[in-house]
Amino acid sequence: MIALLLILIPLIFGFSSFAIKSDGAAKVWAVTASVAGLVLAIVAACAKTDASLLTVNYTWLPVLGSRFALSMDGMSKMLVLLTALSMCLIFLSTFKNNYKNARSFYALMMLTQAGMTGVFLAADLLLFYFFWELALIPAYFLCSMWGGERRIAVTFKFFVYTFLGSLLMLVGVLYLNYLSPAHSFALKDIYDLKLSAPQQSFAFILFFIAFAIKMPLFPFHTWQPDTYEVSDTAITMMLSGVMVKMGLFAVIRWLVPVFPDAVNQFGHIIVVLSVISLLYASFIALQQDDLKRLIAYSSIAHIGLMSAAIFVRNEVGLQGVMVQMFNHGITVIGLWMVADAVERTTGTRKFSELGGLAQRSPSLTALLVVLAFANISLPLTNSFIGEFLMFNGLFHYNIWVTAIALISIILAAAYTLRMVQKVFYGTASVASQNAAAVSKPMIATLAVVCILVIVLGVYPKPLIELTQQVTGALAAKTIF
Amino acid sequence: MNLVYLIPLLPFIGFLINGVFRNSLSKQATSIIGSGAILLSFILSVVAFFQVKSSGGFIVSYFDFINIREYVIPFAFQIDQLSSIFLLIITGVGFLIHVYSSSYMHDETPDHFARYFAFLNLFVFSMLILVMGANFLMMFIGWEGVGLCSYLLIGYWFKNENYSYAAKKAFVMNRIGDLGFLLAIFYIISKVSTLNYGLPGSAEPAVLTTLYTQFSGAELTAITLLLFLGAAGKSAQIPLYTWLPDAMAGPTPVSALIHAATMVTAGIYMIARSNILFTLAPYTSQIIAIIGLATAILAATIALKQNDIKKVLAYSTVSQLGYMFLGLGVGAYTGAVFHVMTHAFFKALLFLGAGSVIHALHNEQDIRNMGGLKKYMPVTHISFLLACLAIAGVPPFSGFFSKDEILVAAYASSPLLYYIGLFGSLLTAFYMFRLYGLTFLGNFRGTEQQKSHLHESPSAITIPLIILAVLSVAGGFLGVPEVFAKNAHLLENWLHPVFAKSYEAAPVHHVAHSTEWILLGVSTLLIIAVIVYAWKRFSSQTNFKQNSGLALVLENKWYVDELYDAAIVKPVNRLSLFFKNVFEKSVVDGAVNGVGKFVHYSSRQIRLIQNGSTGNYILFMVLSVVVIFLVIWNQTDIVSFFKKIF
Amino acid sequence: MNAIIVSALLGVIMMFSGIFTGNNKTIRTIAVFGMVLLLAANLLDINGYPFFKIETYGMLLFSKYGLLFNSVIIFCTLLLLLLSGQAIEKVGCYVAEYHALIFFILAGISILCSYNNLLMLFLGVEIMSIPLYILTGSEKKNLRGNEASLKYFLMGSFSTGIMLMGIALLYGASGSFDLLKVNETIFGGGISFLSITGIMFLMISMAFKVSAAPFHFWTPDVYDGAPTVFTSFMATIVKAGGFIAFVFLFVGKQTSAIYGVDWKLVFSLLIFATLLVGNITAVYQLSVKRMLSYSSIAQAGFMLFALFGMNDTGKEGLLLYTAAYSLATIGAFAVLIKVKDISYEGFNGLGRTQPVLAATNTVFMLSLSGIPLTAGFLAKYYMLLSAVQTGSYMWLVIAAVVFAAVSVYYYFKVIQAMYFKPGNAETEPVSAGFKWLLIIVSALIILLGIFPQILIGWMYF
Amino acid sequence: MPIQYYIALAAVLFCIGITGVLIRRNAIIIFMCIELMLNATNLLLVAFSKMHHATALSLGKAGNAGIDGQLYVFFVMVVAAAEVSVGLAIIVMMYRNVHSVDINFLNRLKN
Amino acid sequence: MGLTSIIFWGLSVLAIVGALMVLFSKNPIHSILWLVSVFFAISGHYILLNAQFLAVVNIIVYAGAIMVLFLFVVMLMNLNNQTEPQKSLWIKLAGIISGGMVLLVMISTIRSAADLTGKQALMNEGDIGLIANLGKVLFSEYVVPFEVSSILFLSAMVGAVVIGKKD
């Protein structure tokens, strides 16, 4: 029941938000919804496995063999929690921002949330596909309506790109359905499929491209920096904090267990691709001149590592990915908040025009430094555990790959600190001198994020315990 | 024993208070909180020390930091002989430097002052975690933590872009070492599924007590080399030493605490901690010895021609660290730790003294503009002189004992190492007294304005100087070699449990007492001779001509920075720019946009078929009819063709 | 049978209504009521209440599927009349006659929904086509309309000739026009080149009617030149009629390899060409109307999958596809008619000036591009499923989805114009009823997108 | 006569019709060519009708066998007549507006 | 070679020549007249095949009504040699080649059609083409299409009115 509510709340609040007349009320409405969602998500995360509470299974498309089935395991719980938390953080941190046509803005945000939550909960392949798209459409409108100059073209590229990916996945869905003797989409039945190697390879490629675009993985990533750059930062937070996790989640939930042979066959290529992604993005980030683009590339790098850790197929790496999915979400949202604050107070994101902001807003600087170090996964920040485990997983796979991948931690330090240096240190530029004060909710939310970063960095046990069972089950099924 | 957690926690609390309330606390409150926290830690460290003394080492486990099916890494502290020594050094020297800082940094505004103390406290916290951690991961946590604090403190004056660049450089270079450290950790954990050191003498399965036997020789070599890479990064060894001199951008007490006394010795701590692994990997040990020695000599040569007071000290630090590595490499673990300790005393003293000078001269750091400070700053002068004597290795100052222990061990390993090492210590004596001479002797060469303000520093500065001077002078007696007195090497005895396994695995070659006497005698004589020469030469030097030839190369640090810049930094940046501006735009995104453009282009072309002429339309239709018939009649071929492709 | 007779009668009534009343509104009201009546009659027929019991000697065969399909078509026509009825008045002064022609066309389509004889196929196609030539040219002073009409007529007659040749050859091979007998003879016997050629010709002419490439050339020009309301009619209802005729010729015969001929290959080439031409050419269009006509080609490419698959999924899917596509296209054209400038720029800022129009139009575009939660998605899904179920030709399925992604480009350009581009789109006055109707259509699209069984389930209850 | 002769004749006429459609520009002539195509099929249908009749005769159950073909021809003529009336009306309408029946002038709608 | 054959070949040649002349006459009037002659030839074939009813209908409807309508329209428009547009040679060539290819396709079909070998079209006999038989079948089995074709006529009529009537 909770599973259904988790989707329904943002859905209902979202649709009703269109009807709200005043922008301020819409804002409050959205915050209410997100808080309600967060509470529910926490309840769900804390709930012991109680089938009736966490699963839903209704008849939906009998003619096609699809059911409206939702279920929550540890990974779902964690990601739903991340979604709900992120939305809360986003709405709160941007509380002082005024969006034109705010009711639509909040409505679309909540609809996207509903879609993403659905993706994490779906226990039926077709339903999963539905939610996958449902998350995309409002995001498209969001990015196109609120953001920078080139947003229409850029967002469109993003949309077509991801949509193409999903369509290929649709072919894969169809193919699986065709091969499934019961013509069922249920997660369990899909897992039980016995596919021949060529069948697996074919379907695997179709699914993988979709997920690789979503994650995004080199060389399918070019939509991402552009989109992150031009869309409004609140939206970017959602895209980068939660939506890219959809790709990783999907790989873990729908790809690896279903096509073990294909994963075995293509795993090596994908690991290499992921490591390339990791290093390539890091290299590019090294000379970025735009705050948002830098964070975007950094995000690509992190995702590359996660993808690599999935495809090395061992439990340690997988556990790392699980933890990191949550933690990366938190960290990157924090970074975007900083980017938003910087852009809103100074009016620019270019390093060449920034500098010395530390004198103007020391609190922001302090919080940024925490997040920056979380971004380079310093121990005792939340990202460390995940990266540690992932690199460890990678190490099990191959020491040289690990060594090469580890170069990224150097590069990460270089570009992240360069960002800190260029934006906050040095002598104050004109833009910095004239910077407005950072809004109180922003600072407060950022502080919450930083506290989360530290707390989860010191005590990651809840996250590990939440996902341990899933990891174990998956490992038992597919290892590997 | 349950209070152990307070040792790191107190500085952390200090950090939090100073950090969060930096805008509301007065400077005095800040310094009291900052220093007080460290003092309490120190007291607790002393308590811990005596606990260890009375009942041996112990491990306190708090919670599972990482708990996955394959392994558990606890968040645990291990207080044993080695870590308790380091605790004392860190908190003790740390406290002194905090006190010193409260005066030294007095010109800062309260919020920056508080920030400074917060960082300093955070540093102590991290350093304590580093040495108290009961496993390699805990060490890594501290390892990175100190790196962070070093970054923050080097870039403390963030308005200066060069400083923040230096901070970044320090951090990034450390990261290169971390790469090795992490790989080593993975290596260990994937082999034995634990990272715990294990208490010396305990039989519980842990890496350093029992499980190390599971590694093959090659694996040990790999692990130790990787660990050494980490140590080289943190402890500024070739090839990763260049960050340390640049790190002098930070406030001088920071240089004293972090970049001389404590953090940079983390590498030594790490190797000393995992000594058994290194002992069992003779190949690595050799490399360490060679690199250590090479670093010692290289840094010493550079220090000869530096004119920045802090730079000289920085290179001196690098050089001394090289000695410590030499000691580790030849199996003189105690000697290395001993040198860490004495070095902490006299190098902290030197830096603080230098700070005092700089303070007095209003941020003048060039020794060519100093001179004759002897009469203006007596306390500073005396303590500085003592420290110089200590570092030069003049008996009976502390440096003499520790350095000679290393050199003698080196001799036991290979006389060649000793000779080179001795040459290095002669260089040390020379540049230290060059520094001393130029700074304190002769006549003041600075501006009149500076001269009018010359004064001895306040007591918050001088008292730590005095305490450290005492320690520098007397610290050596903790490790009096056997030559002088039997069983007088207290440190050796104290640390013996930690290194017991190593000694079992590879018994230390003891040099015959007679040989040792000769070595000591010769080295002492030579050093004194060099000191005298340097004293003479630099006490009255007034004109400084442009360097040329080798001197110029030395002044420019062998052009290593330039080499790195040309060989690594620039290519990386160029590669990055290439990726960003060319590859990403033209190739990756170009392909994506190319598809879009291609669709557009085909759209324009295909619609030309739709040219409006009915005749053409029908013609196309008729042709299509023909084509379709051809397809039907040749379908077998076509189908097999498609099957081949798909 | 109900539908054929009632629609023919209604056609006659409409003819005469023009004589008795000059009031367009009355005529329209009569037409709407007539359409409702027709729908009711057809629905009664489905439920087993035929009004007439006529011996057809196997000329017509009423299947539930055909009748259901017919109902969908009639329902869509009803919507078209309701949404764009006023636009018919603006075409010319023969409002009653136009309506009469529409009813006659529906009679033709009703025949196509139930024919069982190649003669009825021929008559049905002609009854459907000839009035269309006229409707296309109904704006007599409009040169574009004239041109479209003549082009349509010439090419249509040409395809009639081809179809007749095909039928003649089939007759030669089988000795009968009865579909069952034709099937029995030609699909059951040995290799007959005569019937292969016959079927090919028949197929080509049907491909022409449903505007499958490379026989699509008339479509963009005719759709562009015809009065928009009739374009809408042609693109949806008439196309659906063509498809149902096409489907009855091929589907359900398990004809995948008669005489060693792999029909899938031919259909796959047709589909590929259609998708290619439709989608790619639509990308560069500047006028929404012309874009929609290319889009109709592209959609036909997807509908052809029903023929490619030749299985029940394809049949079910075609029903859903027709409903989804017709609803969305009728809606889109209804909005287009209201907008003064039919180029993309004309839609700039519609989201602000006419939020309801823009929102519903968005739903239509989403459905056309096959976004989940709209009927368009499940329709495409069914089509692809029917292709996948054949177990081969995966390249075609992949090509289809790639083209679907391309289609997003031009459909979303409309959405972009409406919401993201600055501008003040001007529209004709829009009544509240019109808006509500649009909302109902969108709601239907979404409803079908979530619960397609409310339509497909009818086939089996 | 062997049926092949008739088929060949019909095919020739049919293809001449097609060729005519392709090579002429006058809409009326094109339309006439289409009528020629229809007539070719008519001829073919009648020939087939007689062929089937002959086959049935040889099997001894002639009856009305093959009559379908001739009736079909009848309907084709009916349809053709209707088509011609509409077609010529359209051509005339076109002629009234542009004073030409040249299909090459029909190029307002393109691309 | 019997009389039937001679007539067959004569009519065939007339039909083909006539058809070709339709194409190649410059003057539309001539084209129409040649087409009429083709229709006559085809009617001759019908008679040969003993399909008298169709032969007559063909002459009345096609050669008579339809072609006269054509003639009427052409004369109304006053089309002649001078106004007759000509396509370029290349287009003509392309058209002829395409038409020829379709012919090839069809001919090869016939040649490959094994089930046609030995099949004869019944000449000069068989009474299915007689009006009585046709009528009986038309109004029994074919009554539905017959009635349905009325819809076609109605719509064509309405259409002609809509198009042809002056506003």
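Observations
First chain written, first letter: the chains are A, B, C, D and E, and each begins at residue 1.
Just so we're on the same page, a contact is a pair of C-beta atoms (placed from the backbone, for glycine too) under 8 Å apart; a residue touches a chain by one contact, two chains touch by 3 or more.
The shown structure was predicted, so the numbers you read here are calculated from the model rather than taken from an experiment.
Chains that touch both chain B and chain D: C, E. Taking the CA centroid of chain D as reference, the farthest chain centroid is that of B. Comparing chain pairs A-B and A-C, the larger number of C-beta contacts belongs to A-B. Distances from each chain's CA mean to the overall CA mean are smallest for chain A.
With chains reduced to the mean position of their C-alpha atoms, the one farthest from chain A is E.
Inter-chain spacing, taken between the CA centroids of chain C and chain D, is 27 Å. Per-chain CA centroids place chain A at a distance of 65 Å from chain D.
Mean C-alpha positions place chain D and chain E at a centre distance of 5 Å.
For the pair chain B and chain E, the distance between mean C-alpha positions equals 101 Å. For chain E, residues touching at least two other chains, in rising order: 87, 91, 94-95, 98-99, 102, 105-106, 110, 116, 142, 145, 149, 152, 155-156, 159, 163.
Annotation for chain C: residues touching 2 or more other chains are 119, 123, 126, 130, 133-134, 137, 140, 150-151, 154, 158, 162, 169, 172, 196-197, 220-221, 394, 409. For chain D, residues that reach two or more other chains under the stated contact definition are 3, 7, 14, 17-18, 21-22, 25, 31, 48-49, 51, 55, 65-66, 71, 75, 79, 82-83, 86, 90-91, 93, 103-104, 106, 108-110. Chain pairs recorded as touching, per the definition above, are A-B, A-C, B-C, B-D, B-E, C-D, C-E, D-E. On the side of chain A, the complex with chain B involves touching residues 157, 161, 218-219, 221-223, 280, 283-284, 286-288, 315-316, 319, 356, 358-359, 362, 366, 369, 373, 378-380, 384-385, 388-389, 391-392, 395-396, 399, 402-403, 406-407, 409-410, 413-414, 417-418, 420-421, 424-428, 458-461, 464-465, 468, 471-472. The residues of chain E lying in touch with chain B in their complex are 87, 91, 94-95, 98-99, 101-102, 105. Listing the residues of chain C that touch chain A in their complex gives 316, 366, 371-373, 377-378, 381, 384-385, 388-389, 391, 394, 397-398, 401-402, 404-405, 408-409, 412, 416, 419-421, 451-453, 456-457.
Across the complex, chain E is touched by residues 1-9, 11-26, 28-29, 31-33, 35-36, 39, 42-43, 46-51, 53-55, 57, 62, 64-67, 70-71, 73-75, 77-86, 88-93, 95, 101-102, 104 of chain D. Remark: chain B residues 599-600, 602-604, 606-607, 609-610, 612, 614, 616-618, 620-621, 624-625, 628-629, 631-632, 635-636, 638-639, 642, 645-646 touch chain C in the complex.
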